[in-house]
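Per-chain numbering from 1; labels A, B, C and D assigned in written order.
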Amino acid sequence: MIPNQELAKEIIAKRVAKELKDGQLVNLGIGLPTLVANYVKEGVNIIFQSENGMVGMGPAPEKGKEDKDITNAGGVPVTIMPYGAFFDSSMSFALIRGGHVDVTVLGALEVDQEGNLANWIIPGKMVPGMGGAMDLVVGAKKVIVAMQHTSKGQPKILKKCRLPLTAKGEVNMIVTELCVLEVTDKGLVLKEIYKDTTIDEIKSLTEADLIIPENVKIMDI
Amino acid sequence: MNKVVDIEKIKPLFKNGMTLMIGGFLACGTPEKLIDLLINLNVKDLTIIANDTSFPDKGIGRLIVNGQVKKVIVSHIGTNPETGRLMNEGKLEVELCPQGTLIERIRAGGSGLGGVLTPTGVGTIVEEGKQKIVINGREYLLELPLRADIALIKGSIVDEFGNTFYRGTTRNFNPIIALAADTVIVEAENIVKIGELRPEDAMTPGVLVDYVIKGGE
Amino acid sequence: MIPNQELAKEIIAKRVAKELKDGQLVNLGIGLPTLVANYVKEGVNIIFQSENGMVGMGPAPEKGKEDKDITNAGGVPVTIMPYGAFFDSSMSFALIRGGHVDVTVLGALEVDQEGNLANWIIPGKMVPGMGGAMDLVVGAKKVIVAMQHTSKGQPKILKKCRLPLTAKGEVNMIVTELCVLEVTDKGLVLKEIYKDTTIDEIKSLTEADLIIPENVKIMDI
Amino acid sequence: MNKVVDIEKIKPLFKNGMTLMIGGFLACGTPEKLIDLLINLNVKDLTIIANDTSFPDKGIGRLIVNGQVKKVIVSHIGTNPETGRLMNEGKLEVELCPQGTLIERIRAGGSGLGGVLTPTGVGTIVEEGKQKIVINGREYLLELPLRADIALIKGSIVDEFGNTFYRGTTRNFNPIIALAADTVIVEAENIVKIGELRPEDAMTPGVLVDYVIKGGE
């Protein structure tokens, strides 16, 4: 376990950043996934999409230089890169649902060994709504779930999601502070583990069945 | 050809029980002066179709807090705790719709389409009560059109005929809802004379607009 | 009969022009309907749509002032009025099919007493294609057929169209050089006749059944 | 980030039997230099999806006259007598599609929709072989998506990243076909540096574009 929350998030964000390839169009969800942008390597040009109507989203503006007309999907002022474009919501989701977004990175409440994802509602408790998440998960070419491995010690990687789904069988990869899992037809394959954990620890913190190949690599971040 | 009117002029258009579409994404691109007007008029039992219910102190959020809304059709309510509270108390009906589906339903309503087939929501509770159609071996949900009595739009630069240019990410739902309502009102940050906007910049053609009012900057 | 073709076309165009009301968005088909624009009264502002991507279409440019980037649906250079807008084809047909066009004026090969229209194909002979006509006829609030009453002496206003239809039951009004017909649930009502013709002559040149009210007006052009 | 290439570079992309979408409306907004290239390469058995087959001496019309086309999916062929002649001789397959339906089918193909319901064509031969769906008592045709291997686009001002601004009525099918093809090539009337186009003017976002080539003016 990585009790330090900040370190956990940093590990996840760094590892996800390594999945992004030069020239890709990427949508980062609110919260933890947003941190990924901070760890993209120099020389790797990633184009960020914001589903409220922009590609080429840039970093946060300097204090006092905020432009009220340029915000991200969280309603927060951002900037746009010189190669960026603004458009309306129907174009934004044409890009998303039409397979033009290469990678989407989202958080999860639960994810399971069939690639199902639940991240938009806890009935009777928290009903934020799905926003653009359902379209992103269905439409993006690659779906990466970026989340802490457990929630209050309880597994979030399950045999079968119990919460209402965001999408069925669309997740391709799960990155936590402990490991990298690939979703395959046969189930979840453990690809990498963090240097300070063990396969046994990961198994103990995961409800889903894990396929453990012979050579599980140490997460390189 | 001049559609610019004093805000007094449009007051009689609003009635209790109406369906309104309102532009904006978490209040970016929302016509705040028109929201002020709705609060002033205190029209009740509104159905609001929009991306979200904003924050309690901004845009659509203010109508929620002021108890004027009977139902919302939106993709997200998480930034306005009051929406969730009223929903849990049974005082506000909330229909959640995936964002991409919501904007397509509005576009369909405004462009004479009977519906669209989307893969979004298949295998989730979003599919409940909807027709499923298989095309080339893949399942799609048949999503139906949405329309409103009035669309409230925020434009950055608007000419007197109603041609509207949206700056930055203020565009979002605005040009699509302009297609899907019986009456379209644009709140203009800047009003210019006819001919001052390039015809390529009229993201909403003025022919769709009924009234232009001057908003704040 | 009005044997003078030019006069016939002028009568039709003048009469259709009177149907257009201030502020309406109007689409004029290629050919005869285009002439309607010449007869709109001073002070009546009609906004013309061209389905290739423009509202606020203006008159033909002066010779030598053509702009290759501003053409009408016939591919011919036109101008745009200061209140006009350019857009793409999906927006153009959102306007058309979505009921935002108040009036469309089209020619016809055949039209019938049920409001059916045929104007896009003569199988085995002439297959120009429907272009935007099917969408216009289905989508516009009011559909006016503007055509000469007969073709080579043969009726074009039929009991039932014989050619493949452009749209079913969508025509609202038929204007020829001889008369104005309104399409109603009960059939075609003769509203006006040209000053130099008679009801009997019109009947003899029309295959469709005509409903003749007591007071048929003289066409005021 | 610079996608501007010499026209030689894109030659290997074209193969016999491909499906191409080509922008333009009666040659206004058609990339003529890319048409030149196709004629030069003499690729055959093409399927072309476009608004029309233009005139015999312009745009797509030239490919028809040159005998390179196996099938067209268009709304209109009346301005090119050669299209009709080849069709009647059984040498060219012509699928006619209402213009509004055609652009929606392309948009659906480019935006992940499984289809759209349109009232256009109901009660005509256009409905043959298509599923009819009744919504609120009105009949609609279910029209299916279209996609292509390559989209050929004409832009008025294009930056090196591919962001494209269309002047006047040259826009027509161009921004929609840019969504619906595996490879997108823009012929630019004017090429500018990245940053010289306002982000609001990128009617086709550069992220959709693979190659930019310099065209004539």
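As a working rule, a contact is a pair of C-beta atoms (placed from the backbone, for glycine too) under 8 Å apart; a residue touches a chain by one contact, two chains touch by 3 or more.
Each chain and its UniProt protein: A, C = Acetate CoA/acetoacetate CoA-transferase beta subunit; B, D = Butyryl-CoA:acetoacetate CoA-transferase alpha subunit.
The structure presented is a predicted model; accordingly, all values stated were derived computationally and were not measured.
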Review point. Can you tell me the least number of steps between chain B and chain D, where a step is a move to a chain it touches?
Key: 1
Revision key, fill the gap. Per mean C-alpha coordinates, the chain lying farthest from chain D is A
Study note, to complete from the structure: Chain-centre distance (mean CA atoms) for chain B and chain C, in whole Å, is 35
Point to revise | Euclidean distance of C-alpha centroids - chain C vs chain D, Å | key: 29
Check your understanding: Considering chain B alone, which of its residues make contact with at least two other chains?
Key -> 104, 107, 112-113, 118-119, 166-168, 171, 199-200
Check your understanding: Which parts of chain A, given as residue numbers and ranges, touch two or more other chains?
Key -> 54, 80, 86-87, 93, 96-97, 138-139
Check your understanding: Between which chains is there touch?
Key -> A-B, A-D, B-C, B-D, C-D
**Study point:** Residue ranges of chain C in contact with chain B within the complex
**Key:** 25, 45, 47, 49, 54-56, 80, 82-87, 91, 93-100, 138-139
Practice item. Please name which positions on chain C make contact with chain D in the complex. Key: 50-54, 67-75, 80, 86-90, 92-93, 96-97, 116, 127-135, 138-139, 164-169
**Study point:** Residues of chain D that touch chain A when the two form their complex
**Key:** 1, 107, 110-113, 159, 161, 163, 179, 194-195, 199-200, 202, 205-208
Review point. Which bits of chain B are touching chain A when the two form their complex?
Key: 25-29, 51-52, 55, 74-79, 84, 87, 94, 96, 98-101, 103-104, 107, 118-126, 156, 166-176, 203
Review point. Hey, which residues of chain B end up touching chain D in the complex?
Key: 104, 108, 112-119, 133, 135, 138, 140, 142, 144, 165-168, 171, 199-201
